[in-house]
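Several structures are given next for inspection.
You will see two complexes here that share subunit A, one where it goes with subunit B and one where it goes with subunit C.
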Partner chain A sequence: MDYRENDDETAFRLRVREWLGKNAPKDWRAHTKTEADHGALLRRWQRTLFEGGFVGLSWPVEYGGHGLTATYEAILNDELGRADTPRISFHAYLGRAIFTYGTEEQKRRFLPPMLNGDIQWCQGFSEPGAGSDLAGLRTHAELKGDRWVINGQKLWTSGAQHADWCVALVRTDKDAAKHKGISCLLTSAKAPGITIRPIKISDGAPETCEMFFDDVEVPADQMIGRPGEGWRIAMTVLAFERGPADVGLIATFQTALRRIEGIAAERGLMNDPESRKAIARIYVIGEALRLNVMEQLSQRVAGKPPGPDGSVARLLLTRAEQAIRSLELEISGAAAFTDADDTSFTSYLRSRTISIFGGTSEIQKNILANQVLGMPR
Partner chain B sequence: MDMQLNELQQQISDACGKILERRAGPGRARALRAAGDFDRLLLTEMAEAGFLDLFGEPEAGPLVAALITQWGAQAAALAPIGIRGLVAPSVIHGDLPEVIAIAEQGAMGAVRYGAEADMLIVLDGDEARVARRGEFKAETIKSKFGYPIARITEAKGEALAPGAGAIARRWWRVAIAAEISGSARGAVDLTIRYMGDRVQFDRPIATYQALQHRIVECHVSTDAATWATREAAFRGAPVELAATAAIIASEAAHRVFFETHQLTGAMGFTTEYDLHLYTMRLQTLRLEMQGLRAHARDLIDARWSAAS
Partner chain C sequence: MRAIFTEEQEMLRSTASRIADSVAVTTPADLVRLDRNKAWAALADAGLLGMRTRDEDGTPLASGVEVMLVAQSLSGALAPTPFVGAVLAADLLARAGAPEAWITDITEARARYAILLAPELDRLADAGALKGAICIDADGATHGLAFGADRRVARIDLAGMAALDGVDMTRPLGAMSAGAAAEPVGEPLSDADLTQWTSLALTLACADIVGVLGEGLRRVVEYSKTRIQYGVPIGSFQAVQHMCAEMLVETQAAASVTNYAAWAVDALDPEAGLLAARGAKAYCAPVAQKVGEMLMQAYGGIGQTWEHEAHMRTRRAMFDRKIFGDEAHQLLAIAELRMGRN
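Now for the complex of A and B:
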């Protein structure tokens, strides 16, 4: 056990910090008032990061990565959060599906443009009738000649309106047990027969979408893994999506804490024992999260892929994010209500979704109970 | 950064585990409690194996001392391993007796192992003194709190180096957090086994999702306490990390006490069942050093006093 970064890791951190000082987009929130602006910004930012050599750090060199350990990804995400840059993370978990289960040809075709930002992706998993019970999904694909034909509907497909491609879970065998009849297809998000309808969430942003598939044709060589392997692939993707280090939320949390401390100091609330106590409480919750994430990372570096115990980090993340956003709102006072600076309220509303997407808190607890603590179903 | 046990730590874990398996365990803890005794034999064996003197060893250090404290508590060891292995060596150099107790000046009404101790460390603000047997008086208190408890009626002794009280206070917090982590894990593991065995409405209660989620929350809290303890120990118990570990652990203690007793039902409240061996100790540990509020006060003073 050694909690320190080694010299190479520290040197990398300093290099990232210096690079971000020169290249991180400034005032990007003020300049991205529309969703189209935001989509364009994400694409540009990913390209900039890629050209700086900071995308796919832990991926193998032959697929455009850098062959480093997961610790480097964590350091990068930490620094990105610290610099408060836009968040780009889909490649970190969706790429795992292709990376882990794809053929050599699929990896060479899809991974490099996924890393450099040429192709943006979305995740077509949930459906109107398949949320927590993801394996109950009904969107189906039928093999006709050398093409799969998809029909059905996906829901809560974040970023679909900006996406070029979609990783879609589809039912390919209606007679198989429900977890076993699912397959994973890669489809162009702009293919004929796909209709995307953005859904506004409560803060007004069209953050998520529904996708309709009407006789959408997908070449057979765009299936990832074998028919019936979709559930395993989905679990791999979700295990990575659950990891707070992979999506850089630890640093975002720490940035938010500094912001709260700043607002509290400005408003004279640091003299108030109750406010100090509330901030201390959030700090402690954040520390619990940070340490668990470090432990998870350490396991990853030791060669163990993320497993069911990642749900501990997900639950701690949910607790931390929801608690800090609630406090941020309370500390902000009247500023929280104005249109000019509604960051606090937007963040608060978004924090509420963390216990829902990527597997609800209840699902995380089921995973821990059954797969970590060995309790019967 | 590597949070897996290295080769040496794994060897220590294996060797220490063997001693704990042979010497500790709920059965022995219950017998010792019934006799009003504690586990001096275990301490002696651990001392002879060198497991209580790792704090200053470069290859092991405080992290391993904290790990041993956690493992001991998880095995229901009834002995002041943390105070001896983690707190005393932070302020006293040289040979130490096996049984050491610690108390705050002005709060000596209930001191763990006070009557059994060969040495008492007394914290007085940032300063501290050490009283050897004969230099302090202790009266055993009849207590349900899972440890031998005594009232210290008099404590003379010799002053330690300036600032020793502040140092010992930080390590005391880490020791408490370590012991809570281990005891909480023992209680959670026991409760999971109980839930698998206990059948109601024709199926084990472990199959009920509502109950699974409650024990999962205990698991998450215990996990958090474990890692917070280990980092605080590794980094030399700075005020903020030590207090944070103690806060996270104290909250875990509260939750684990409440939930494991709920899940174990009436059986959990009997002395015939092992749960109390862990949970009564959790209550002592979360109250020691004036508990959560004092830990939080020190954290706030350390981190935000300049901002106020």
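Now for the complex of A and C:
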């Protein structure tokens, strides 16, 4: 057991830090007033990172990656959070579906442009009638000649308005059992018959979308895995989505904590024992998350793929993020409610979404109870 | 970076679990039945009491990680053995430069040393004010250790100590009265030694909590699969499942912070090790109460009865919560370490 970085890892961290000092976008929030600006910025930033050699670190070299361990991804995420850069590769975990279940041809076709940022992806999983009950999805695809024809509606497809392609779960066998009749198709998000409408979330940002499919044609060679294998593919993807090291939220937590300490100092709360305890408590909650994730990461490096126990870290992440945003609101005082420039209330609202997306906290607990503790269904 | 146990550490864990099983307690009646001297001899024979003695270079024979693993196994079995106290005493004596013979007396089970805490239980007792000091892990203890104003460890003969029924039935306490004589031991402790010892003490209190609750969760989950209500196992109800899932999250997070603190005791500089240990205790202390309560709730009626182990687990974890300082104590100390004095 050793929590220290080895010499190679430390050298890599220093290299990332130096590179970010020169290349990270400055004042990017001020320059991205519209959603379109933001989408364009993310695309440029991913390309810059790719050219710097920092995208797909743990992906195999033949698909555009660097063949390093997951530890390097974590170091990179840590430094990106520390430098407060825009958050990219929001959907890189979708690549795991293609990597794990795709044919050699599909991998060579889709993975390199996913990593270099040429193709942005979105995740077409949830539907109006299939939220927590994902396997109840009804969007269906019918094979006509050498094409699948998709009809239906997807919901909560985050980033669809900026996406080029979509990983869609569709029902291809209506007679099969619920989990067995689902398949996974890759479709252009700009194909004829697709309509995308942004949905504003509670903080006012058009963070997510609904997506309509009317006779959308998809070539048969864009199916990942075999017909009926969609549920297994979805579970692989979700296991990666649930890993906080992949989504890179931990470093931003530490940055946020330092910011809150700054606000507390400005407001003269640093001598108040209750505020001191509250801030220390958030630090401790963040440490529990960080250390649990380090263990998971070490297990992954040792060869154990992410599984249902990833829901532990996901719940810790949810708790940490929601607790720190509540604290920020508390420490900010009345200004949070009256000052238009104060972002603590929108951050607070945004943090409420974390216990919903990627599987609600209640679904995470079901997973732990059934799949980790082996409790009967 | 490799934040997982080595093969040797996993092997130690299974050895410790086997020994723990042989001294396990599952009901108050076991406390009367179990031959505690035999149990203690089993720990000594396995070399577990000598884990924090030093080699020729002054390095502990086992790191904080190994000691933590053993403490967890023993507490998981609710073993009524004063392991943590004995290991902490041996470590403190070694740091103070006590006579070698005292330490071998501990490791070979000829004498039992225990730790004396201030009446508030949040720190080592002051050797100059022993009245009301509490001896933890007092079972069979012959000598107690306290800390003097001159930064020297003090040894106290416990012949006159009064037995005390604390809430934790598995680890008896003792109460000191006035007049006990304190004998200075070795040299004054350096800041580094005192800090590292405090980190080890906090870590082992956490390890005890993690062991008690982790094994408690495993057992209540098994129970939920066999207890039938409404014609089905109660473990099939979502309300029970979510309680157990919540306990899993809390015990795993508690284990993560404790693992790190245990590693940090010897591997990081003393101040960083102390921050890790205080962070671990600040996390584990409220978990002790929360999960202790949830265990009793998940068992239902049977979990409220005297003969059941649930309250024994809650008692032990909640006593661990207090020793060397509860979460309020740790959080204020963490604030000071991170943000300076107020």
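A few notes on this one:
Simple rule for what comes next: the second predicted complex is superposed on the first by the 368 of 377 C-alpha atoms of A that agree within 3 Å, B and C clash if a C-alpha of one lies under 4 Å from a C-alpha of the other, contacts with A are read in each partner's own complex, and residues count from 1 in each chain.
Everything below uses one rule, namely that a residue touches a chain if its C-beta (ideal position, glycine included) is under 8 Å from a C-beta of that chain, and two chains touch if they have at least 3 such contacts.
What you see is a predicted model; the values in this text were computed from it and never measured.
Annotation for the three-chain superposition on subunit A: subunit B and subunit C clash.
Shared-chain residue A:279: touches subunit B and subunit C both. Touch criterion met: A:294 reaches subunit B and subunit C at once. Of the two partner chains placed by superposition, subunit B and subunit C are both touched by A:4. After overlaying the two complexes on the shared chain, residue contacts for A:190 are found with neither subunit B nor subunit C.
Of the two partner chains, both subunit B and subunit C are touched by A:376. Once both structures are placed on chain A, subunit A residues 1-6, 9, 71, 261, 270-271, 276-277, 279-281, 283-284, 287-288, 291-292, 294-295, 297-299, 301-302, 312, 315-316, 362, 365-366, 368-370, 372-377 are touched by subunit B and, in the other complex, by subunit C.
On the subunit B side of its complex with subunit A, the touching residues are 1-6, 9, 63, 192, 195-196, 204, 206-207, 209, 212-213, 215-217, 219-220, 223-224, 227-228, 230-231, 234-235, 241, 244, 247-248, 296, 299-300, 303-304, 307-308. Subunit A meets subunit B in the complex at residues 1-6, 9, 71, 261, 264-265, 270-271, 276-277, 279-281, 283-284, 287-288, 291-292, 294-295, 297-299, 301-302, 312, 315-316, 362, 365-366, 368-370, 372-377. Residues of subunit A that touch subunit C in their complex: 1-6, 9, 71, 261, 270-273, 276-277, 279-281, 283-285, 287-289, 291-292, 294-295, 297-299, 301-302, 312, 315-316, 362, 364-366, 368-370, 372-377. Subunit C meets subunit A in the complex at residues 1-6, 9, 65, 221, 224-225, 232-233, 235-236, 238, 240-242, 244-246, 248-249, 252-254, 256-257, 259-260, 263-264, 267, 279, 282-283, 327-328, 330-332, 334-335, 338-339, 342.
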